[in-house]
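We just call them A, B, C and D in the order they show up, numbering each chain from 1.
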Amino acid sequence: MIIKAEKLTKKFGGLVAVDQVDFTLAAGEFKSIIGPNGAGKTTLFNLIAGAEPVDGGRILFQGDEITNLPQERIARMGVVKTCQTSQFFPSLSVMQNLSVAAQPPSSWRSLWRGKGLAQKTLRQAKAVLKQVGLESAADCPAEALSHGERRYLDLGLALAANPKVLLLDEPTAGMSPAETRQAARLIKHLAQEFSLSVILVEHDMGVVMEVSDRVLVMNEGRIFAEGAPQEIRRNPDVQRIYLGKGRAAC
Amino acid sequence: MIRRLVLIALICILIPCAAMAEGAKFGIVLPLSGPYAAMAQDMKNGAMLATDQVNQAGGVLGGQAELIVKDSQLKADIALRRVKEMVEEEHLTVIGGNLSGAISLVINEYACKNNLLYMSYCYNSLPVGKEFCGKGFTSAVIPYQNPDALATYAFKNLGKTWMSLSADYRGFHDMMASWMYNSDQLGGEFKGNIYHPLGTRDFSTYIPRILAESPDILVLNNYGADQIAAIKQFSQLGLTKKMKIVISKTHLHIAKECGKAYDANIYGGATYYWNMKAAGEENKKFVEAFTAKFGAPPSGDAEAAYVGTKAVWQAIAKNGAADNVDALIDALTSMTVQTPKGSEQFRACDHARQQSILVLRGRGDQSKDWDVFEVVQEVPWEETLQSCENNKNNLPYGNVPIPTK
Amino acid sequence: MEEKLENPYSLKIVWAILLVLAPMPLVLSTPLATEILIYAIFAMGFNLALGHTGILSFGHAAYFGLGCYVTGMALRYLELGVFPALLLGTLAAGLAALALAALAVKRQGVYFAMISLAFSQMLYFLALSPLKGLTGGEDGLKFIPKLAIEFPAPLDLSKPLSAYFFTLFFFALAIFAMRQVLNSPMGRLLPAIRENEARVKSLGFPSHALKIMSMAISGLFCGLAGGLLTVYLGYVPLSTLHWFTSGSIMMMTILGGMQSFSGPIVGVLVFLCLQDVTGNFTERWELFSGTLFMALILLFPQGVAGTIRQRVRRRMAPAIPEQQT
Amino acid sequence: MHILLGLALGAIYILLAAGLTIVYGLLDVVNFAHGVFYMLGAYAVFLVISLTGSFWIGLASAAIITGLIGALAEVFLLRPLYEKHQLYPLLLTFGFSVAVPDLMKVIFGLIGKTVDYPEALSGFILLGTIPFPKYRLFIIVLTAVVMTSLWLFLKKSDLGMVMRAATLNSRMVEALGIDVARIWTVGFSIGVGLAALGGAVAAPMVSASPDMGVEITVESFVVVVLGGLGSLAGAVTGGLIIGQVVSFVSLFAGQYSKVAIFIVMFIVLLVRPRGLFGEAGRH
């Protein structure tokens, strides 16, 4: 198990966003989390990535405990997340964005060895540039990119930080159906090529079905169901909580 | 260097090069911009008037007496930059000016290191202790001289118990020491001192302590906008009716700006007042010339600048050259200068200007336009200027303990 | 664009700046030229924090003034040589910047600027009265002995030209060091922090530690500039700690162009020459320089250097013009 | 007695801080030229008194005249800079604070101008044995009146409500079809008018001089930061606290009163950056 979480809890004031959730992710596994709005998907996602402090329970990454470590430590260990709204460096060019992310985290302190390191970082950045298909916009500032391109750049930044576990928060949000399918195929391909384990938070069932090894359904802060994509799709309770016919018997 | 070559070439073409005028140059630095701009402008006017009069009377060394004025913006680094430019670029050996005691000490230090004659126009302690290095003169007085004069008058006529309100600034600490020393000598009863930060505008917070002591005399050791604020607020509160206020160093502009608040209960020390009857003919000529040229009568600063500049030109003329500084210094200390206050000298051993101190009194609402003071007493220099020996070791005021808090 | 990425700030810019500035005494007065070099180092240090890392500080006079006073005190009280005194002043300012940054790194934008303002005003008023014995209060620190060095060449530092070359030597040192810092792995992360600190954190870089390091290095540059001013003046004026110094260094840096290497230096050159020329020509120089500054802000929002660079780039017409925020 | 004096001192700080906080709250611009408008207020009251002879007309018109000058400055100098980098409006106010005092020196001459106390308010009343200046009481009362009317204006009137909304989210207000630019101009001129009122009230005590505004700018930053950037209640409490701190410290060690203000500001900013009443999250 590359990631193991036990009894993860997160409260915002009175509201229990994540309630005693156990969660596992195997190496190389592609797991999606789905559920209606407010089910606690993104909160669980942020707890694992260290973006939100954990109120209860613990998280293990490759056996070591990472509960409540500062986000940059967790990211340095290889658990890197993208954001729902694309986050990047607006006035820097796309290549500059990627080369910042591609820089080995341990190098932040060094004031020397500029040249040697730069070439290695540049090669990796160029590779990611090709993978996310942004070669044509390499030199223009990130803020000049279209919405879709910004999502790819956000993804590229996470990839450039050579993660072991990739946490994707609705990467295809706001994309046209064609773009969404193309993005889903790309993510699946990249995950296999780099043998990444991925946690995907997603609404679009089409994408979920196509890319996930396993699917997790959350509702009101608890795991409601878990299984292979086809199983989950056919499960009546899942349809009910999604379509809101009435409370699921729980 | 190129810039100047071009300049000189130009001048040669314009006026016949052969009769290149001999003449002499004197460079002064004044804080013409910044909070003390008004007083600096008065100094500039005094210096220009002296220079014009010298040129009308035939100039100096067969040529024009050229006064170079630069703005120090009341910043020591800019003042030093201007002085260095004058010394290195225009090869001046005689410099002067300055209004703030602190900056004049800095320039004096530079003058000592680089062998220049420095004629400062402001209250400073160039002749005292470590500061004195033989190159610096002041055409005003040493800070301790004012309190000397004022104390003799105050403790005789205004009462015995006194208290002081001082700006936390070196110049005023010297005055404080002088007040403490004179108070012991003349049987005054010191009731305590209050330090206020430089740049204070609200003096109401000090009133309770002053009223609690209710001394006969309240001594003010501050200047400029601080002094104006203090006078206006104390008079508005009727403090001036409860006690006499004696200001160590006051100024024509301050009284003008205070208006009727500067009333007959307020006394101030100064080196010059344009309407001082005792000065006679020389002063009338100076005041008329100054008022005609600049539209207002001269203040103490203007007179100090006028006298300092006049002495410099007179020394250069007497010495026959402007570049050997030591000869110039001997000339300056051995001649008498006709000043608006009468004929005076610069003392040879510590270059202090032997001049009297005036005890002035406010006119309040009877003041008409610029006639804001009444001269109560003129204390001759012998009674206020310490001997050279004392000045060298900063005696007797050096070891007078002044209150720390 | 390959070259630019691998080596954002090439040596060519550094040599160009040195060649332009070195012969200044031929055109300007030597004392003014020396001050331009000193304030250029100060502006470069300030811009490392503002232009490159996005840290706004209203109190950089604290580090500049501290550099002045510590160097001055080392020369006067400890009678140290010029180089050790300069080193001491630089380190003191760097430490102060490190300490303040560590204390206040969590604060953002205007709040950090206000803490820096409060810190520098505290130093100003401490030097004004409580520490009067040491700092000379309102008069500033005097009686600094006449300075001379033998090491690279026997130079009497009270001679303006030798003081100029002494300052030029340190200016060259500083400008090479700044290029090295900006090109270093650490330096490349700073613009990212300016743009989006949260994202930098989520990519595994400790953004707080980076900001503290950037402020500390910025403090070192300001301390060096302060020390050099003391050596050049032979005196430390209290005005070096006044908030107006922070304001004018900010004015010069942004006037020159925050987001370029040469911007702050151009800003200092333009501003000091403007101040000197109008200062000689009229007493009301503040009216001219203030109005002109406002005009420059309205006409060249990217600063003088920024706009020139943009015009030059537009003429080279890349596909999409690089917008400066 | 001391509390009253602290109150009077605090009153002027309150006027300045309220003005600064409105400008910052609304426009997100730290106004370095705040002290300059304080000075303009003092000159305006001098000018109007020399024309009309009445202190009261002078006081009212000082705020209005300077408010208009502020509005013009905002429209022509600040408005073009809003979309640019957040720093540029701030820098412009810095340039303004360098140029305008010098302009006053050219127009009104180098020497400051005297403003006499109004007849009715000169002199003092006896509190027990200690005389307390009537003028100071007037300042406290005036500030109280001005602050309550400002509070009512912001809370009750439509324009006030819109201004408060624009402070929180100007883009949303713009989306509702309100011309936000005009709101900003009105806000700026009110903020500046308050500073001018502070100057006009202080003029009899310190006389109007070109450089009177330099120190007061930084001191009003202290008050605003202590109270919390953008909050009116904060400005009032901040002003009162600083007034008491200065009047208390100067009782014992006068020369430390200036250091004390900034130590207070430093500590507050470290411990509680948004100040006493500031909204969380405003960076």
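Definition applied: a residue touches a chain if its C-beta (ideal position, glycine included) is under 8 Å from a C-beta of that chain, and two chains touch if they have at least 3 such contacts.
These are the chains along with the protein names UniProt gives them: A = Branched-chain amino acid transport system ATP-binding protein; C = Amino acid/amide ABC transporter membrane protein 2, HAAT family; D = Amino acid/amide ABC transporter membrane protein 1, HAAT family.
In this text the structure is predicted, and so the values were computed from the model without any measurement.
Look past subunit C and you find the other chains held together by touch in these sets: A | B, D. The most distant chain from subunit D, with centres taken as the mean of CA atoms, is A.
With centres computed from Cα atoms alone, the innermost chain of the structure is C. Measuring from the averaged C-alpha position of subunit C to that of subunit D gives a distance of 32 Å. Rounded to whole angstrom, the centroid-to-centroid distance between subunit B and subunit D, based on C-alpha atoms, equals 37 Å. With centres set at the average Cα position, the gap from subunit A to subunit C is 42 Å.
Computed centre separation for the pair subunit A/subunit B is 76 angstrom, with centres defined by C-alpha atoms.
Counting partner chains per residue, subunit A has no residue touching two or more of them.
Chain contacts: subunit B has residues 33, 37, 41, 168, 195, 197 touching two or more partner chains. Each of the following residues of subunit C touches two or more other chains: 125, 128-129, 284-286, 325. Those chain pairs judged to touch are A-C, B-C, B-D, C-D. Residues of subunit B touching subunit D in their complex: 33-35, 37-38, 41, 168, 194-197, 199-202, 204-209, 211, 225, 228-229, 232-233, 236-238, 253, 256-260, 405.
The part of subunit B that touches subunit C in the complex is made up of residues 1-3, 32-33, 37, 41, 70-71, 73, 75-78, 80-81, 84-85, 88-89, 101-102, 105-106, 109-110, 113-114, 130, 168-170, 195, 197-198. Listed in rising order, the residues of subunit C touching subunit D in the complex are 56, 103-104, 107-111, 113-115, 117-119, 121-122, 125-126, 128-130, 243-244, 247, 250-251, 254, 258, 284-287, 289-291, 293-294, 297-298, 301, 325. Residue ranges on subunit A touching subunit C, taken from their complex, read 49, 51, 70-73, 75-76, 80-81, 83, 87-93, 95-97, 99-101, 103, 105, 107-115, 117-119, 122, 138-141, 143-144, 157-158, 161. Those residues of subunit C lying in contact with subunit B across their complex are 26-27, 29-32, 35, 125, 128-129, 132, 136-140, 142-143, 146, 158, 160, 229, 233-235, 237, 239-240, 279-280, 283-286.
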